[in-house]
Structure formats: C-alpha cells, structure tokens
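One structure below.
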Amino acid sequence: MSPNLLLPEASATQLLRRRVLGAAGTLLLVGTYLFLVITQPAGIVEGLGQGVALATFAAYLIAAVLLLLAVLPDLPVSALTLIPVALALNIILGQFVGSVMVPLYLDSIGTVLVGFLAGRRAGAATGVLSTLIWSLFAPTVLPFAAGAALVGFLAGTAARYGALRRPYLAPIAGLVSGVLVGVVSSPVAAFVYGGTSGVGTGAVVAAFRSMGDSLLSAVTKQALISDPGDKAIVFLIAALLVFALPKRLSGSFDFIRRYKVLGKSGNK
Amino acid sequence: MKRRVAELHPFTVICLAVLTVSVATAASRWWLSCAVIALCLAIGAFAGKARELAALSGAIMLPTLLSLLMIHGLASRDSSPVIAAWGPISLTRGGVEIAMALALRTAVLVVAGLLCGLLIDKHQLVAAIDLSPAPPQAGYLLASTLFLLPQMMEKQHAIGQAQALRKAGTSRGLAGWLQRLRLRAVPLVLSSVQDAHDRSVHLAARGFPARGEHSRLRHVADSQIQRGVRWVALLCSVLVPVAILVPLGGAS
Amino acid sequence: MDMDHRAPAGTTAALHLRLGSFRYSEAHAETLGEIELEFSPGSLTVIAGDSGSGKSTLGGVLAGMLPRPGADQCQGTVTLAGQRIDYSPEHWPRIDVAGWARHVGLLPQDAGLYLSGIRQTVAEELVFARENEGMPREEMAGLIDELSTRLSLEHLLERDPAKLSGGQERLVALAALSAAKPSIIVLDEPLAGLDSRATQAVTSMITKLRAEGTALVVLSRTAEAWEAEADFLWNLAEGTLQRATAGAATTALLSKPKRPSVPAASAKPLLGFSRVQLGYKGASAPVISNLDLEVRAGECVGLAGANGTGKTTLLKAAAGLIKPTAGKVRVVGDAGMLLQNPSDQLFERTVAREVAFGLPKKSIKRDRVPLVLAQLGLESSAQTHPYELPASARRLVALATVLVREPQLLLLDEPTEALDSAGLYYLHGAIDSVLERGGAVLFSSHDERFMSSTAHRVHQLQGSD
C-alpha cells in the first residue's frame, strides 16, 4: 500500500478535452458574432426577430459555458480560492461606485485582478462565473458571460506580456480590452434585447439612431464610448491593488513568478 | 405549496423556466407573455416571495423600459402616427409598440429568472451541481461566492469602523472620495487575497478538487418523473420555437 | 526516481525529518536551519518559539505544504510512512497534499482557514474530505456518528460552521482532521485566544486523540501549558531546535515586574458609563444592561468575562462607534482604540507610512512617528510591508497607529492576542507611558496573568449564557 505522496502527471486525454472544449467555445462565439454582423437581421420583433434573439442568447451563453468547462479542471487550488474573493469584490466595489452616480460600471475589478494574479484562463473563468452568479439576481446578464470571459482573458494576456511592469501600461491595456469587449458584446444588446438596459446608455443609442444608424451600429458606437474608458479605469485600479500586495503574497502565484508579471524580482 | 416547491429538484425548476421563456419569446404574443408573468407572480405569491419578486423585477425593468422607449419610440424612422412631439424629437406609435414588445419579452426573462433564483435553495443547488457530471470546482465556486459575499460585506463594515477610529477618510470632494475608495478597497483586498491564499493549501489537503469519483452526504430529492420532465422541457424549449418560427421564416 | 528508499530498519517513527535549511522565496535569510525530528505513536512533542521564529514554517514542512514548488528553497529529507522524499534547492518533488494529509494533518492557527466555508452543517463539514474521496453516503453517516460520539461533538452537528465560536471552530476542524486517522497531527497554537471553557474542551480532545495512538506535535509560543504532559520539549530559536528544560520559560515573561501605582482618588474621570444599555439592532436582548463604570486618569481597568458577554461592545461604545440605547457615556479627551483584528485597517506599503497615515505633514505628530516605532521595538521594520511581519509585530504596528495620536483614553480589545514575550514587554511599556501622561487605559482580556499584572482593578461582566 504505497502512500501516494506524489502527484501523478496530467494525462493526454485531459489536455485534449481542454483543447476541444476551448476551441468549440471560441468557434461558437466567433461564428455567431460574424453571422450576426454579416447578415444583420432587420426585424427585431416581427418575423425572425424572436428566433434571432433566442439563438443569440443561447449561442453566447453556451460558448461561455464551454470555455468555462475547458478551463475549470486545470485551475490550481490557489486560483480556485481566489475566484470567489474576486466575484465578491466585483459586487462590493461595483456597488460602492454605483452609489455615486458615475456613468461607469466598474463591476469587473475582481475579474481583472484574477487575470493579473492567476493568468488568462483563471481570468476567463472568473468572468463567466461572475455573470452566472450575478444572473441569480439579474437574469438579463446571462448572454454577456462571453464578454466578461473576454475581459478576464485579456487581463491575463496583458499581464503576461508586461502590462504590469509600468503603472501607465495597465490603463492602455484596459482601453484596448474595452474596445474588443464592447464590440463583441454589442450584438447581444442589439439582437437579444433590442437596446440597452440603462437610461443613460439608452439615450446615447437613441441619439445615434436618430442620426441614421442601424440598431447594431448605434449600440456598437455607444459601447465604444463607454467601455474603453470603463475598462481602462478598471485595469488601473486592479493594477494598483496588485501593487499594494506584499511580495510574498504576489510571489506565491505561479503565474506572477513564471512570466515576471511585476518585473524582474518584482521590485516596485 | 411551499413544501411542494421545496421538494422539486433545482434543475427541474431551471428547465421549466427555460421552457417557459423560450416558448413565450418565440410566440411573441402579448397576452401569452402577460399570462406567463402573471403565473410567475402567482407562484411567487404561493411561495411567499411575491413582494421581493415584484420589487426586484421592477428595479430591473423600469430603466430598461425607459431606455427602449428612447431608442425605439423616439428615434424610429417609420411613418406611423406621431403621439407626441417636443421640437425635433417625436414619439411615434410604431416605435412605442416595438419598445413595448421588446420590454415584454425581456420582462418574461426577468420575472421567470428571478423566480428561479428565489425558489431554489442555494445549498440544494450546490449539492445538485456536485452530484451531477459537472466538474467539482463548479459547485465549490458557486457555494464559496454565495457564502463569502455576506462575510466580505461584514468585513468591509469592520474596516469602515477601524478607519473611522483613526479618523481617516473624512475629506470632501473627489480626492476625498478616491481616498475613501482606497481606504475601503485596499485592506479588504489585502486581507481577502491573503485569506484565500492561506485557505487554498488546507483545501487541497482535504482532497479538493476531487480527481475521481466524488459524493455528497446531502441528499437532493429527485425522481424518475422529474428527470423525465427535465428532458422533455429542454427538448421542447428547442423544438417548439423552431416549430413556431420556421413557418414564419418561410413566409417572410 | 529517488523515492523507493525504505525507512531505516528498526524505527517505529511515523515521520522522520532531517532538514538542512529552508528559505522563503523573497526572504534574505533562512527561516529554518538544521533540524532533525522524529515522532513515535502516542507521543506529544511541544515546540516552543517566539512569534516569527519559524514555528508555522516548520509545521508547513511537516505537513508537506512547504516548500512551495518553484518558490521556496529547501534542503532536506522527509521519510513518511516508509517513503522517502528529498528536497533540494533546485528540485521540488510534486507533493500530493491530500495524500500526505492522510498521514500528517495540520491544524492551522486560525482554524477557520481549515473549514471549507461551503457547507451548511458541521456534520457535512466533518466528512468534506471523504466526499472528495467518493465515500458512499451510508459510510459517511456512520463515520459522523462514530466521530461525534468519540470526540463529544453531538451538540454541534447541526450547527452552521460559519457561526461557531473560535473554540468550537477548532474542535470541528480537529475532528475533521482526525477523521482520516492520520498518524501525526500538528497543531499550530491550539490554545491561543481561547477562554478557559474552550481551552478545556480543546485540551480534552487532544488528550483523547493522543490516547488513540496519534502522535501530536504542538507549536506554541510558550511551553508552560504543556510541560506536565509533553514527552519532548523543544525551543525553536534562530531556526534550530534546542531541548527546553521545564520551568525555564517562566522567567522571561515577567521581565517587567509590574506593581501598578494606585491613582489618587481625586483624579478626574476620563470615562464614565451611567446606567448604560448597549445592544445591536435586531437582537432580542441587549448585550449589556445597566452598566455603571468609571475610569479615572492614571487608572488601568481590566474587563473580564466569558466570550460573548459584551467586552468588545463596551469598548466600542467608549470609542464612540456605538451609541447606547439607554444611559449616558461621557468621554473626556481623545479616545484611541486597538481592535481585536489588526488587519482590519492595514493598507499602506510600509510600517512607517501606516503609522503616519492621517497625520498632517509637517506637524508635531508626524515627528513622533519614529519615536513611537522605537518605543514598540519596530524601528528596524519601518520600511517593511506590514503583512510581511510576524503576527506579533503586526499587532504592535496597529498599536503604534493608535499611540502616535497620544490619546487620553486608551482602549484595548484583547491586546495580548498574538503577542509574544517581547511584544508583551512593549505593550506594558506603552500602557505605562499612557498612565504616566495622565491618561487612562481600559482593556479586555481573558489572559488572567496579564490582567493581574497590569490592571489596577477588574470589572467583571456577567453574560446571559
């Protein structure tokens, strides 16, 4: 009866399953997006509008869940205990800001924090889970899970390629991420809900529409106005929070050590 | 009725909600959507949650309705009669109809979804997820977040008290607000991330995440009938919309 | 691979540790040096050491949780259950912590960290590890029955693990640990922060486990409580172990023999409670009713009472955080309060900035910062991140943030918590300096010895339970 004190190696089937699920989710997401943008289904309440709404909702949600299933089994336990903290931070810090009537969401600080500390896969998982749990209180956020996954993924990618080595790089990375996320999530707002859920954003979309834009392009333009700024601030706040952590704590994350996320020997 | 609802497997509730929302959305008849919303409110009343359901739904739907009215009511380009006009901005009937139809569609999702959230017991949902083929991390993450949230809010409160004792964070204006944000966020993040790190090694020592088979002491009531209902509901939620919409698509 | 070496023939030891050195990833110096330890079934080994001496590090190494692969540098060998694991600074074996936990269990200082936090009842919490192994439901039910009867936990089985007191958390965590029947259990400061009732409960569970043949290793700040029963007594200092002799430790604690001078009866009262009632919104009964208490300048009063009798509530009311539901609280001058959990407020990157926070630049108070740091022995840590200091120093940093404002009334909630003997020395000094200035001190503590050597008088709080 050998005591089994050492871990077995990861099996090839696990790696394969991870790749297949990840590829399937990404393909579904990209495919749905391209289909919507290219065909631009016109009627939103009559004819096929409902079908488009249901199909877009389902496709975006299923893509996010596939990405989650691809990523979840391989996360280290340190990421698994960090994610609930990040999810709670999303809500708590988002509420604190929301109470001040600023036109920003700032509800993804936790997601970006996980992306910075534990890598892009953990960040993506955090984004999806954040949406799934938030849906218990607001079911309308469900199809935005894919966009939330993208935020975490991009945060991890930015950290990996050095966005945290200088304080001014983080907001720039946030700006770029905001553009991508705004573009990817716009079809959801346009085709599933026919608009946005907030009065301020609705006014902006209405303004663009009255200037002659289609619904999709109006929503996309509105997203390009608010998302990059919002994500730039979120990335900056998350970066400052990471800098506030003691060396021993940030250094305990494998991701930070391996890619020298905080610079050589992390002296900040 | 309350007890009956509690005996339903959480997944059954979710599958029925999915069926309801997808059929109501596909059919897109205002009377059907209203009937569904009324039914959800009635079930909520039976379960004693009518007030919460109404309040939460209203909080979400009101801004959405306003936003849709602005986007479609004001900026619609069709030639339907104008209801009201303020200078260059006018409210058209066709636009208002579209906005109302969209709002009703969203309302069905909101009310049905919130009802699910209020009816399902969180511990039972986590156990159901653990006992399903889903990876064991999923149930843990859901449970941990749901239980961590009130704890962290309490910790935030304690931090607020500690900072008040130091007479910190009393300045006004934007700088003061930013400093208050920092005073709240940094200790919260510091202690929570440290806590998560300290916990992780003990969680791993207790065998989490399970690599092979895993079980739960908790029993989640289920039956063959419910399993059947779930499969039928999921199947119908795909087939019924297709049946409704394909002829429409052929016609247009 | 190098793991099929059998243990040296003839030993009955469950674990044999031969450590050369251990260094944390960002540290400048080694935390542990040469250590050799062996544990035989049913033995009780006590390792005593000050805060920051490396006790928890040693506990982590014994439990297979340290060194963290890729980060910490460790040189040594562990032989556990006949299998030999070698560590070297460049080679980290991939340890299966769950497999290791079946042989060596570790109860952390904060038992709440061991609990999963996701189970609704203590019964489910006890079998959490078994659920992860896939044990069938009926077996688990039987295991819970057996465990709860053996370790007297029946009254806790249906409780919510998140609402347990510190002592109860420790009992549940220890029971869950022992469910895997490990041959060794390491306990990191198992009696810290417990009142006498909880101490008794934890000690009796430890005795039961030992009687069943489990080898126990207790890491503690002082060896006194264990002297009578320990089979082996060690002192951990500067990374190495020395045999400790019973009775040697006691002298160090009382290095500052304190005979408090009684203040003049005419000194003015700095704090007065008259017929005060304190409670929380939504609670069925007030926590404190009809309280009359006066604290005069130059006086040091201690609050005693079991956990839950309202000591913290009283102190918060004195600090102005809570308004009384009846009666009046009068405070003359500034009050400064040290909370029970110092991490609740720390947020700056260095100790110096933390202590100086909130003080206007170029004021007299800011010049006091280095003096306060020196008074509490923190000069050498002025540029360190507070979270990187050992628990005792962190507590002193929190105390420094209070002292730098020179409060007239000093309120302390369980000040001895986490403090080692050096920390206690500085605490005594801080209290003396406040009293000499003409201020007053009100503190709550369940440490009777600290109470008797520090307080002029003790106010006993009666609880409802």
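Letters are used for the chains, namely A, B and C, taken in the order the chains are written, and counting of residues starts over at 1 for each.
Everything below uses one rule, namely that a contact is a pair of C-beta atoms (placed from the backbone, for glycine too) under 8 Å apart; a residue touches a chain by one contact, two chains touch by 3 or more.
Source: prediction; values computed, not measured.
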item: Most heavily contacting chain pair (counted by C-beta pairs in contact); value: A-B
item: Farthest-lying chain, centroid of Cα atoms versus that of subunit A; value: C
item: Length of the line joining the C-alpha centres of subunit A and subunit C, rounded to whole Å; value: 39
item: Distance between the centres, which are taken as Cα means, of subunit B and subunit A, whole angstrom; value: 18
item: Residues of subunit C engaged with two or more neighbouring chains; value: 100, 347, 387
item: Junction residues of subunit A - those touching two or more other chains; value: 244-245, 249, 252
item: Residue list for subunit B, restricted to those that touch at least two other chains; value: 140, 144, 148, 186, 190, 194-195, 199, 201, 203-204, 208-209
item: Contacting residues of subunit C [partner subunit A, same complex]; value: 3, 24-26, 64, 68, 70-71, 80-83, 85, 93-96, 99-100, 102-103, 347, 349, 385, 387-388
item: Subunit A-touching residues of subunit B, taken from the complex the two chains share; value: 22, 25-28, 56, 60, 63-64, 66-68, 70-72, 74-75, 89, 98-99, 101-102, 105-106, 109-110, 112-114, 116-117, 135, 137-138, 140-142, 144-146, 148-149, 152-153, 156, 177, 181, 184-186, 188-190, 192-197, 199-201, 203-204, 208-209, 241, 245, 248-249, 252
item: Subunit B partner contacts - residues on subunit A that touch it in the complex; value: 43-45, 47-51, 53-54, 69, 72-73, 75-78, 80-85, 87-89, 91-93, 96-97, 100, 113, 117, 129, 132-133, 135-140, 142, 193-199, 201-203, 205-207, 209-210, 215, 218, 237, 241, 244-245, 249, 252
item: Of all residues in subunit B, those that touch subunit C in their complex; value: 123, 126, 130, 136, 140, 143-144, 147-148, 151, 155, 158-159, 161-168, 182-183, 186-187, 190-191, 194-195, 198-199, 201-210, 212-219
item: Touching residues on subunit A, where the partner in the complex is subunit C; value: 2-7, 244-249, 251-252, 254, 257-258
